[in-house]
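Note sheet for the following structure.
When the chains are written out, they are named A, B, C, D, E, F, G and H in that same order, and each has its own residue count from 1.
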Amino acid sequence: MQITVNGNNTGIEPKMNIRQYLGTRQIDLAGVVVEINQKIIKKQEWEITELKDGDIVELISFVGGG
Amino acid sequence: MQITVNGNNTGIEPKMNIRQYLGTRQIDLAGVVVEINQKIIKKQEWEITELKDGDIVELISFVGGG
Amino acid sequence: MQITVNGNNTGIEPKMNIRQYLGTRQIDLAGVVVEINQKIIKKQEWEITELKDGDIVELISFVGGG
Amino acid sequence: MQITVNGNNTGIEPKMNIRQYLGTRQIDLAGVVVEINQKIIKKQEWEITELKDGDIVELISFVGGG
Amino acid sequence: MEDQLVIANKKLKSRFLLGTGKFKHKDELKMTIHASEAEIVTVALRRIDLDKNSDNILSYIPDNIILLTNTSGARNADEAVRIARIAREAGYGNWVKIEVINDSKYLLPDNAETIKATQILAAEGFVVLPYMQPDLYAARALVEVGAAAIMPLGSLIGSNQGVKMETMIEILINEIKMVPIIVDAGIGRPSQAAYAMEMGADAVLINTAVATADNPVLIAEAFAKSIMAGRLAYLAKMANVKTEAEASSPLTGFLRA
Amino acid sequence: MEDQLVIANKKLKSRFLLGTGKFKHKDELKMTIHASEAEIVTVALRRIDLDKNSDNILSYIPDNIILLTNTSGARNADEAVRIARIAREAGYGNWVKIEVINDSKYLLPDNAETIKATQILAAEGFVVLPYMQPDLYAARALVEVGAAAIMPLGSLIGSNQGVKMETMIEILINEIKMVPIIVDAGIGRPSQAAYAMEMGADAVLINTAVATADNPVLIAEAFAKSIMAGRLAYLAKMANVKTEAEASSPLTGFLRA
Amino acid sequence: MEDQLVIANKKLKSRFLLGTGKFKHKDELKMTIHASEAEIVTVALRRIDLDKNSDNILSYIPDNIILLTNTSGARNADEAVRIARIAREAGYGNWVKIEVINDSKYLLPDNAETIKATQILAAEGFVVLPYMQPDLYAARALVEVGAAAIMPLGSLIGSNQGVKMETMIEILINEIKMVPIIVDAGIGRPSQAAYAMEMGADAVLINTAVATADNPVLIAEAFAKSIMAGRLAYLAKMANVKTEAEASSPLTGFLRA
Amino acid sequence: MEDQLVIANKKLKSRFLLGTGKFKHKDELKMTIHASEAEIVTVALRRIDLDKNSDNILSYIPDNIILLTNTSGARNADEAVRIARIAREAGYGNWVKIEVINDSKYLLPDNAETIKATQILAAEGFVVLPYMQPDLYAARALVEVGAAAIMPLGSLIGSNQGVKMETMIEILINEIKMVPIIVDAGIGRPSQAAYAMEMGADAVLINTAVATADNPVLIAEAFAKSIMAGRLAYLAKMANVKTEAEASSPLTGFLRA
């Protein structure tokens, strides 16, 4: 199954929810926001939101800024 | 017959056109513009435009400005 | 006996030394300097320095300054 | 015979006056001043002033300046 | 050398636009215009005072001068448009300075309303010169809707403080290349006018500093010269500022031989 | 109007003294002098280079121009005096600019030595124009010992920073009335020259900003105009700076009748 | 004395908002925040880089600090709104700095788009601090649509030029009384921060000048002190500038008796 | 960090020298000195007024403060020397500020006389801090004859104009390394004091701006903080001024994926 994460195509296992997917990457989850197809997915919905083929996923977090 | 000229009420003779009215005042006509009821009256129409009772007339001309 | 103190003529008793003279005026002596005839009289010499007729005495002290 | 001209030693023929010496170099004489041994030699004295062995000669003229 | 200012296809020799407000003696105005060598002069409109027979300003302005009517008094785009149309009807051309002010204390132009008025009037065929607060986005919008030049303020109108808005005016000069930039308002001295021109402004508009000087005719001549000076300096490409001293005369001394 | 600069009884129309150092192409110098309208031009002295047949600067300077020889290179009064005497002997007049510098980094004039040199040379009949750091006491001393004008620096020589020493130059302008004040050094742009003149300086001396511009002839014309502009503005008595806005057009609107 | 800054009912002791961009060493950030005594710190949002395990900036910012997320990268109101919503979802509060920039060279905020974004986000309950070009009309519009403070630029972002937009910022300070004025962008030195506060600004936001100093911790302390100094000076009502000298010591001499 | 000011081997924590003239209420002076954290305070001398029993200024100055007596009123070196000797005799130490003024309008120090007085008094063992016009040659001479620090004026005394003599003070800071440079006179605001310190001045002396503020105690605290701020900034090495904008936030957008 193919999704786009932060602009890059990636193959992932099917039937994976967001939290599971994030678990496969080593990311500090503090302050991370997930958008799928330009819609924000709230943290409490990560476990119940399954990734679908073709999803455009944005993983966003804080950086230094002025 | 009563009209308002530049904010002041004035009695005038009836059946007077604009050019006639202006002739009754001593005004240097260079650069003068006449508005009646917020509508500009072109110079060539001064003679064919008769003043009516209640008309609101503005006589405007150039002054120094920056 | 006449002396000049800070520009003003004053009559004083003869045989008076500086300390005695200063005692006749109510002056806070902290930081006061005495010049007689443009010569500074050190504090320890006040008692042994007698005022003479015609002396020009300057009594100087600190004020606010920048 | 040796003289120093503008800091450089030069051999010259003996019995040469200033005007003669200047004639041997190609110099535009407008505004030129001659100092010998720190003494200015006026223009009218150039012909009557003979160079002597060891003379320190400065030839000076105008340049651009602010 | 041909160095001309072109506004709406009109070729101009002078880069000095002169305002005619605040003159103490109107008879000085004619001589002042002459001394300024201005080819564009601003005027305003007002109700005729029917009670006193006041002088007509037009009689002091030579015929070959372009009249640029200021919409002063307008508080929004609609009022500015109305004034501009009246001005055109007066028969002295279609050049208009849009001035929309909604603040009686600082007399700052309202860029948003100015853009609206410019759009309407440019579409009606006016030659529109909008007075504005220097803002790159507003300047771009003005050019897009048809302004024939843009006229950013140098500092508060009538303040004689010079080009205080330097940072933003410099940006306009660098970025707006389709129409001339005319620094309007706040220029109080010939040195300040020269400075605006050295920066690369295409022209300056001055009123208060001329009209309220002790000798308006003389100061107009001074401004004319300084504006030319600033323009020539811009064309001559000036030497850079240095933080260190640099001798202009040869220092190597013949004295220490 | 008769508005002349008078130095040592010499009446001058131009208030622009031009320096001749640093020109890249000497043939530009003649045209530059012409464009500047300068009547006084500075030069310096140097040992003739006997090895190469270099151009004589004098051939580029018209005959009617007053040569003002700079004592540049002098580190004390004695050296300045020696250079001045050499200059006079050259046969081009007795005008001398005293420049005594004892610091190779900032090239600041040494006021104390400058006063000494001025005294000696004025007594010998020279027309002495001392270059100085603006200091009221030094200026008074220079006038007392016979300076024909005083020439305070505007900012570091060759820096093009303008009239950074404004506070002190203003004091000199207010207090020294017996001889002209010529702002020398640091003026880098026509706007700065105009500013110095608006302050009330009697003249300015410029070299680096002209010689190192891309186009010296054009910038010389620009400076000439700006110096005249600044002078006229001074004579016209300029309007004051205001902290608030002030309308130049009538704002009372006919629109709200 | 109780002198507090209040933004959206939040009472703050510090008038120094610190930006966190451009730090060379992230571990300096924590100490810098401490030294600054800032209570509000700006951050931005970016895609996580999945390839390298980069540090999370939040781990360097103490918990009691208010995070103010910058919408940098937004080119119009819609993009700014989208970024703000993402920021809120991250769970670190609802304070947002609207920064809409449509010009990659000067990085100037677009006031018109900023007003739109402010209106939408304020209505959604955000605490909105818009970064803006100082323009009285735009400031009034921002207050009207619900801005919690307005943040005019002092000069070009990252330029360290100080309060070049002084004329317009002074007007904002005089006229906008309903919300605080925070000078944002361009402040490069403690003296400039003090100056902004002396003028009457309620606070300043600084990033580049801290992050790119040789010693960010030390300069943060310097800025903190200077901002307090400027505030105290504003409260103490400073003595006026005088054009003339005025003795501070008694000059009447006892020496001339 | 040990960052001390050392004058004549005396180590000082504060870089703020406070003048005591012009205070409206003497009882404020004590609190003002406390708020300023100054360790050196200037005073002057005057004939005692025998008719009214005026307060003794010394009772308002804590014992641990160094008294620096100003020779104000002196018009030449001899008078300054006489005043200094009187001051020493008073028994409060041998620190003296040489102030020789020969001009009642601008109150400018006379460098030549100041050098003479410094030489005499330094030889007699005084700690001499000469007030001067910033001039590199005069500064070098003062160091040579034994000045313990040099105190150039920032601008006209009492004018609150700040560091107008910037060009020359910068040169002194760069070149005079043997003794501290204390900017004295003209500093009117904390931002100006910070600026002087950022330039690298070792300390500042302020009187008028404190004594004539509405609230001297508060402004003294403000100056104290700003002087520390300026010093820290100097030590932290500030970021450079840039002519262009530079983003402080990442602009590469996740929005355009």
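Following the convention adopted for this analysis, contacts are C-beta pairs under 8 Å (C-beta built on N, C-alpha and C of every residue); 3 or more make two chains touch, one makes a residue touch a chain.
In this text, all values refer to a predicted model and were calculated from it rather than measured experimentally.
Hey, what chains does chain B share as contacts with chain G?
The shared contacts of chain B and chain G, listed by label, come to E.
So which chains count as neighbours of both chain E and chain G?
Shared contacts of chain E and chain G: no chain.
Moving only from a chain to one it touches, give the least number of moves from chain A to chain H.
Between chain A and chain H, the shortest chain-hopping route counts 1.
How many angstrom lie between the centres of chain B and chain E, each centre taken as the mean Cα position?
33
Between chain F and chain H, what is the separation of their C-alpha centroids in Å?
Chain centres of chain F and chain H, defined by C-alpha means, are spaced 34 Å apart.
Determine the centre-to-centre distance between chain A and chain F, using the mean Cα coordinates as centres, and give it in whole Å.
Roughly 72 Å separates the two chain centres.
Chain C to chain G: how many Å between their CA centres?
Chain C and chain G have C-alpha centres separated by 62 Å.
Note the residues in chain D that touch 2 or more other chains, in rising order.
Where chain D meets two or more other chains at a single residue, that happens at 6-7, 58, 60, 63-66.
Specify, in ascending order, the residues of chain F that touch 2 or more different other chains.
Answer for chain F, listing residues that touch two or more other chains: 19, 21-22, 42, 44-47, 70, 72, 82, 105-106, 108, 156-157, 161, 207-208, 211, 247-250, 254, 257.
What pairs of chains are touching here?
Those chain pairs which touch are A-G, A-H, B-E, B-F, C-G, C-H, D-E, D-F, E-F, E-G, F-H, G-H.
Going by the contact rule at the top, pick out the chain D residues touching chain E in the complex.
4, 6-7, 56, 58, 60, 63-66
Would you pull the chain H residues touching chain F in the complex into a rising list?
102-103, 105-106, 108, 110-112, 133, 135-137, 155-156, 161, 164-168, 171, 175
Chain C touches which residues of chain H in the complex?
19-23, 26, 29, 42-50, 53, 56-59, 67, 69-70, 72, 82, 85-87, 89-92, 157, 205, 207-208
Given the complex with chain A, which residues does chain H contribute to the contact?
Those residues of chain H that touch chain A are 247-250, 254, 257.
Within their complex, state which residues of chain G touch chain H.
For this pair, the touching residues of chain G are 19, 21-22, 42, 44-47, 70, 72-74, 79, 82-83, 99, 101, 104-108, 156-161, 188-192, 194-195, 198, 207-209, 211-216, 218-219, 221-226, 228-233, 235-255, 257.
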